[in-house]
Amino acid sequence: MVLTAQQKASILVEALPYIRKFSGRTVVVKYGGRAMVSEELERGVITDCILLKLVGIHPVIVHGGGHAIDAMLERLGIKTRFVHGQRVTDDETMEVVEMVLAGKVNKEIVNLINQLGGKGIGLCGKDAGLITASQKVLPASVKDREYLGHVGQVEKINPEILQTVKDEGYIPVIAPVGVGRDGKSYNINADYVAGAVAAALQADKLVLLTDVEGIFEDRNDPSSLLSAIKAADVPALIEAGVIAGGMIPKVECCVFALKNGVGRTHIIDGRILHSILLEVFTDHGIGTMVE
Amino acid sequence: MVLTAQQKASILVEALPYIRKFSGRTVVVKYGGRAMVSEELERGVITDCILLKLVGIHPVIVHGGGHAIDAMLERLGIKTRFVHGQRVTDDETMEVVEMVLAGKVNKEIVNLINQLGGKGIGLCGKDAGLITASQKVLPASVKDREYLGHVGQVEKINPEILQTVKDEGYIPVIAPVGVGRDGKSYNINADYVAGAVAAALQADKLVLLTDVEGIFEDRNDPSSLLSAIKAADVPALIEAGVIAGGMIPKVECCVFALKNGVGRTHIIDGRILHSILLEVFTDHGIGTMVE
Amino acid sequence: MVLTAQQKASILVEALPYIRKFSGRTVVVKYGGRAMVSEELERGVITDCILLKLVGIHPVIVHGGGHAIDAMLERLGIKTRFVHGQRVTDDETMEVVEMVLAGKVNKEIVNLINQLGGKGIGLCGKDAGLITASQKVLPASVKDREYLGHVGQVEKINPEILQTVKDEGYIPVIAPVGVGRDGKSYNINADYVAGAVAAALQADKLVLLTDVEGIFEDRNDPSSLLSAIKAADVPALIEAGVIAGGMIPKVECCVFALKNGVGRTHIIDGRILHSILLEVFTDHGIGTMVE
Amino acid sequence: MVLTAQQKASILVEALPYIRKFSGRTVVVKYGGRAMVSEELERGVITDCILLKLVGIHPVIVHGGGHAIDAMLERLGIKTRFVHGQRVTDDETMEVVEMVLAGKVNKEIVNLINQLGGKGIGLCGKDAGLITASQKVLPASVKDREYLGHVGQVEKINPEILQTVKDEGYIPVIAPVGVGRDGKSYNINADYVAGAVAAALQADKLVLLTDVEGIFEDRNDPSSLLSAIKAADVPALIEAGVIAGGMIPKVECCVFALKNGVGRTHIIDGRILHSILLEVFTDHGIGTMVE
Amino acid sequence: MVLTAQQKASILVEALPYIRKFSGRTVVVKYGGRAMVSEELERGVITDCILLKLVGIHPVIVHGGGHAIDAMLERLGIKTRFVHGQRVTDDETMEVVEMVLAGKVNKEIVNLINQLGGKGIGLCGKDAGLITASQKVLPASVKDREYLGHVGQVEKINPEILQTVKDEGYIPVIAPVGVGRDGKSYNINADYVAGAVAAALQADKLVLLTDVEGIFEDRNDPSSLLSAIKAADVPALIEAGVIAGGMIPKVECCVFALKNGVGRTHIIDGRILHSILLEVFTDHGIGTMVE
Amino acid sequence: MVLTAQQKASILVEALPYIRKFSGRTVVVKYGGRAMVSEELERGVITDCILLKLVGIHPVIVHGGGHAIDAMLERLGIKTRFVHGQRVTDDETMEVVEMVLAGKVNKEIVNLINQLGGKGIGLCGKDAGLITASQKVLPASVKDREYLGHVGQVEKINPEILQTVKDEGYIPVIAPVGVGRDGKSYNINADYVAGAVAAALQADKLVLLTDVEGIFEDRNDPSSLLSAIKAADVPALIEAGVIAGGMIPKVECCVFALKNGVGRTHIIDGRILHSILLEVFTDHGIGTMVE
């Protein structure tokens, strides 16, 4: 369907003020899930980030990479198991996790940015002392904690290199590998890294790409999508079961980021082409905003 | 009709690169005709200019004002006549032309910019030595040249003040009154002022708002609109009668501007709401481009 | 009479320290009365302002224009009357006031500055949102208030554009027309505009050109000119009749300016050639200083 | 043995002028061989680079990593073979080479820099479009060229990111992986990358760490070390067999760098602790200078 | 006699444009003769320099000091004799010349500047490598050349320190002592130093204070003072005896300065109070201009 | 004895961090005693200062000159006597002191700096208002105070000119002559000037060159040199006789400097060649540090 001049004009009149509003600001994007597997969606995400950069908004990408890690571990005959949703990461596994995330997945994303006309630069937590980590602290109830090994949590983000490169026109791409004060590597959940990076950069937006449309008031009613929830209401919503399962840690990242100075946070559907542009440049946005 | 996410996204993907392309560049708009009479169209033109400014593009407005001049001359009982399409401008008429253009029409446009959220500043050719003029030279065939009086042509544009104010966030609004080296005022055609200002600023675009859709290959065939013509082809097109009547001086302004360093020139339909945005931010543009 | 070398030297030794003292500072000049009518005095005032600018001092001119308004109103057959010294200004009168002040008187002064070698730029209160105004509030005793119409008072000066243009070498020339938050025009007394502009710019000096020598202790004794009075003594001087009639609002402007950060204020005799230079660069100054 | 005050002073008097001489200049270090295997030598090299940075000289490290690649290929059961001294690199091998160089060896060096008090940042040729490569062109005599696969040569270095990060206090660490215009990865000899990077940065020095003392006039006479040779003499020295075997490509890198604007080049013995400091800060230097 | 307002105004109107004209420019003053002996004249010269500085013009003072040198030589019982107008300067004499000029006369001038409200800084040719000198070359006819000893001529002026200190608000005061490439001191004629300094600074003016009114066409006719002569006419004027005796080297300094980029040069009467101000700020100037 | 590569490397590893530590910092050196008499030591001190400057550390030299003053006084037949270790300085003596210090000793040091490749600039307390002084206040017990004459003490240091010239690459050399508010000259102890200058510059180090090795716990035991003492312990050490005689005022200078913001102070043996380098760039330093 061809759009009329007035339809086009109305979208421009709607979008242009957002360009001014976010000009010079930072948007941290957690990139993972389905959008990493479909080539069309992948190009959509990268194109969106390049277009943001083009109009003076600074995207910062934090990526996951579970599939690629699994494949390499299998080729090497290393068995993996999960405790409390975390991959138990011994020394041998950590070596593979780091190589795959920082040496393969990260560089592929950077390469795609460059192929599509942007300027990407790949970083892991070791580069420029970006991510200081420590071993993840588990709830007291968990028994076999020693097995976690290199599973880490963020201690501190040093955003200096991100400032430097984003001011020079680069899109930073971050592999969620941290380093302890003792020099050991840690494998960290990418959502948490994205939240901590957004906080350290005092980003205007944190956008988590997921494989769902957002948070529904009633999971069985597709028309009950919540376009916005308040950070203060999150405990009650968890209590009520509206926020549940894998959505809980994502919402917690959002709340952490908001408490630490991030403007707004968004859990959006990475399966929609150009979902990031729609979130940033339309009045209604998409997905669920946690503010 | 509600647009789908993908329709919106497609327009954004189309428009955003133009923002980068024209960021920091200058667009000179000749504002006149129907778009000055309809309040809706007037607000559209001013809104477009404010939105351009918002995203870092610098509009400069040159306006006409024949209707308002006619009205005031009539109230004062001064008769006016036209020679070769030029208003014969004696001393008494010139005083009225200047007061109305610089003291009334110009300030109304500035006021509307401010009311709609922009920052306008009104200038005539005397301010900051902006427009140096001389008496218009008529073709040798014209006999009663002495009657032209204060009808002028541009000798020199001093763009210094325009640079200063546009870099400080203002939208300059220019009344087409020039001043001779002897200090006398001159009444100049607004299209020519717009062309000369665009050249002096080395503008990226000159946009002339008119009351027609553009140039048609066959005036009787509405589907024959020429979306682009080459400056080199203009003489042949005049010869062929494709460019005729009041369109000739407009096209000549465009050719002058192109020869003097302006990127592209556009003759567009000022009767379309938001015609400037559509010209700047869509692949196809509107009206006829002279390049 | 030819001056000797030592007489010349003594004046230079006296004047040069003032150049340093006022270098980079701002002097607001209210220009009106006899000095606007005599061509010799007019050239003197403009030359003084150009010389100030030449040595790094920033003059800002606020002008009146009653004579020119009267003449145009008469040509249009519009009757005018005054209430409490204010011109009753209905819609039709306001249109003329604005056109004449902003489109004729203002541009003539700008033109003279340019002809004499300076760089002038004309502004009214609408340009760059310079003067926000509201309807003048009259004392409770006045009955026919509705008749005032567009007579205004200053609500707020936005000095941004003045800073910009004076730093770039221009002499700003201001027509005393303001604009309400609703977009309506207002006709304001030029003395009040000068005082408010001086305050907004934190000027070092406010100079009001008048048609008298200054304030006399005894009106009948030409030798009793007061060279300086204190703001604190003004109420008593009014009480005593030393300050009276049309001098009262002028002194009130000075007191307002002083209270709002202006360095010194001067009521001087605009009928003396180069009165501004004599005020600024001699130890004794001229006229009456209110400090 | 304790040094006397005068011995210490004499070394300082010798070294300090070099600090000034090289202040703000760039030294590209090819890091490989024995110095990558011994922990003491590794810490020596990294300490030297940190100390250079400390006094305002900008080291840039290019590293190899053959041992680590071999180990990983073996674990994955991938066989490797060499043609003309180049590792035949099919798709599967390239994936491992890239992961190991960019995700493991590179990040270990960066980590050591950070642990010892510097600020390292790891880059491969994909980051910021650093290294554009193409398939290596073999001499016409070689037959099985198709087998080379991903063995590459440098087409172009884009030094922009290196400038940015070294000016901000970082030590860049470069993995010798390039990317073709088609987006494919290439495995490049680290000596060549170092030479090309030095040329692109217009470095003052290129230092190649090797496992020999330098070039000997007579291989069997340890006292015949050549402290300096001229680029112009290289062909004759190869002819004479003085430069032979694995030393030939190293000397060719030096000659290439010199021809492209690098100040001086050095082939030094990486087995000597702090060999870089000794080269930069002593009158005599160590190893063989090619100039 | 009291001056009228119009007389004062006329001088200001005359003087102010010169302030703008010379703002930021440099005026080199050779200070010597009677003006160094009379306390009133001395204070006049220093006051003039401080006033120049006050209005943004940069004076640089080069001084002599023959009287003070004679007095100290006499106290030390050292005999002095003159050859070709030059003081024969052996090692012992040079030591005294340098001490007296750089340690006594120079510091007294600096002190007076500071006492009168300026910021003076004293320099001799050794400071910051200001004056490189060599032994003066005498005409071939002179026989006892070895006797000249430390009489020098300027080889090179390094104006770097003068630029630095004059931009920081200081008035540099220069003692005419130079230093050879071998480190030996040289005693140089102050006029020549002033000319060379003016050339090195590309000064706008060189002003030589003398004990005469200027150059007279007819030495016996006080009304025949030449207010200006052309550099090209100097040889003829010497030939004609109009320029003679001690005036010849002064005029030669002026010609040298003009040939090397100095704007204008002036030989003026230092016995007139405030002679420098009168030269700089009046249309007619005083003394004789060589241009 | 030839040093091995590892010995050289160890000194570099030790010295380089100090370059970074003191980069951009200021070191005030009091230069006097034996080091002013021996040509070898003199060249050592000046070389050290030039090398400091070379690596970005800013030395400021304050010098004495008693020997040269004595010699000139004797040549002039002026007798001198000392009261409480101070030279009684009448008008005639002061004239000589000033000439010799500011015109001879000071310029010789400047000249040597320039000859050895640095950029020196000589200043006395009059230059740029550097040292304001007053007559020295003696303890109440001293009777013949009137005899002190021009013996002065520092009232105020104006470090402005020092900042200017050291930032431009010069090494300032200061003669300890001050000027009273009345314009009179004062002769001040160079140690005190050095301490006051260090305080005014907020120097990192004050280094006093002396003719002893430092402070000894037991004067008769050469092995009892104290490498560091605390300012707080000074009174007790004086009480105990460990600090005695001429060392007392030097230590007092150090304590004054420390109390006024100087980082560390050092009393070192000027008879050791390159003593300043050894103090600044070795872990152990030399002499006695007061901190």
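Note that the chains are named A, B, C, D, E and F in the order they appear, and that numbering of residues resets to 1 at the start of each chain.
The criterion applied here is as follows: a residue touches a chain if its C-beta (ideal position, glycine included) is under 8 Å from a C-beta of that chain, and two chains touch if they have at least 3 such contacts.
These figures come from a predicted structure and were not determined experimentally.
S.K.: Could you give the fewest steps needed to travel from subunit E to subunit F through chains in contact?
M.R.: 1
S.K.: Using mean Cα positions as chain centres, tell me which chain lies farthest from subunit A.
M.R.: Following the centroid criterion, the farthest chain would be E.
S.K.: Between A-D, C-E or D-F, which repeats the contact pattern of E-F in over half of its pairs?
M.R.: Among A-D, C-E or D-F, the interface that shares over half of its contact pairs with E-F is A-D.
S.K.: Tell me which chain's centre, taken as the mean of its C-alpha atoms, is farthest from subunit D.
M.R.: Relative to subunit D, the chain whose C-alpha centre sits farthest away is C.
S.K.: When the C-alpha atoms of subunit A and subunit B are each averaged to a single point, how far apart are the two points in Å?
M.R.: The answer is 48 Å.
S.K.: Whole-Å distance, subunit B centre to subunit C centre, using C-alpha means?
M.R.: Their C-alpha centroids are separated by 36 Å.
S.K.: Counting in whole Å, what is the centre-to-centre distance of subunit B and subunit F, each centre being its mean C-alpha position?
M.R.: 74
S.K.: Centre to centre, by mean C-alpha position, how many angstrom separate subunit A and subunit F?
M.R.: The computed centroid separation for subunit A versus subunit F comes out at 61 Å.
S.K.: Would you give the residues of subunit F that are in contact with at least 2 other chains, written as numbers and ranges?
M.R.: Touching at least two other chains: none.
S.K.: Does the chain-touch network form a line, ring, star, complete graph or other?
M.R.: Topology of the interface graph: a ring, with each chain touching two neighbours.
S.K.: Taking the contact definition as given, in what order do you meet the chains if you travel the ring from subunit E through subunit F?
M.R.: In ring order, starting at subunit E and going to subunit F first, we get E, F, D, A, B, C.
S.K.: Considering the complex alone, what residue numbers of subunit D touch subunit F?
M.R.: Interface residues on subunit D, with respect to subunit F: 1, 3, 5-9, 11-13, 15-17, 19-20, 23, 47, 51, 54-56, 272-274, 277-278, 281-282, 286.
S.K.: Any idea which subunit C residues touch subunit B in the complex?
M.R.: Interface residues on subunit C, with respect to subunit B: 75-76, 95, 98-104, 106-107, 110-111, 114-115, 119-124, 126-129, 160-161, 164-165, 168, 170, 179, 183.
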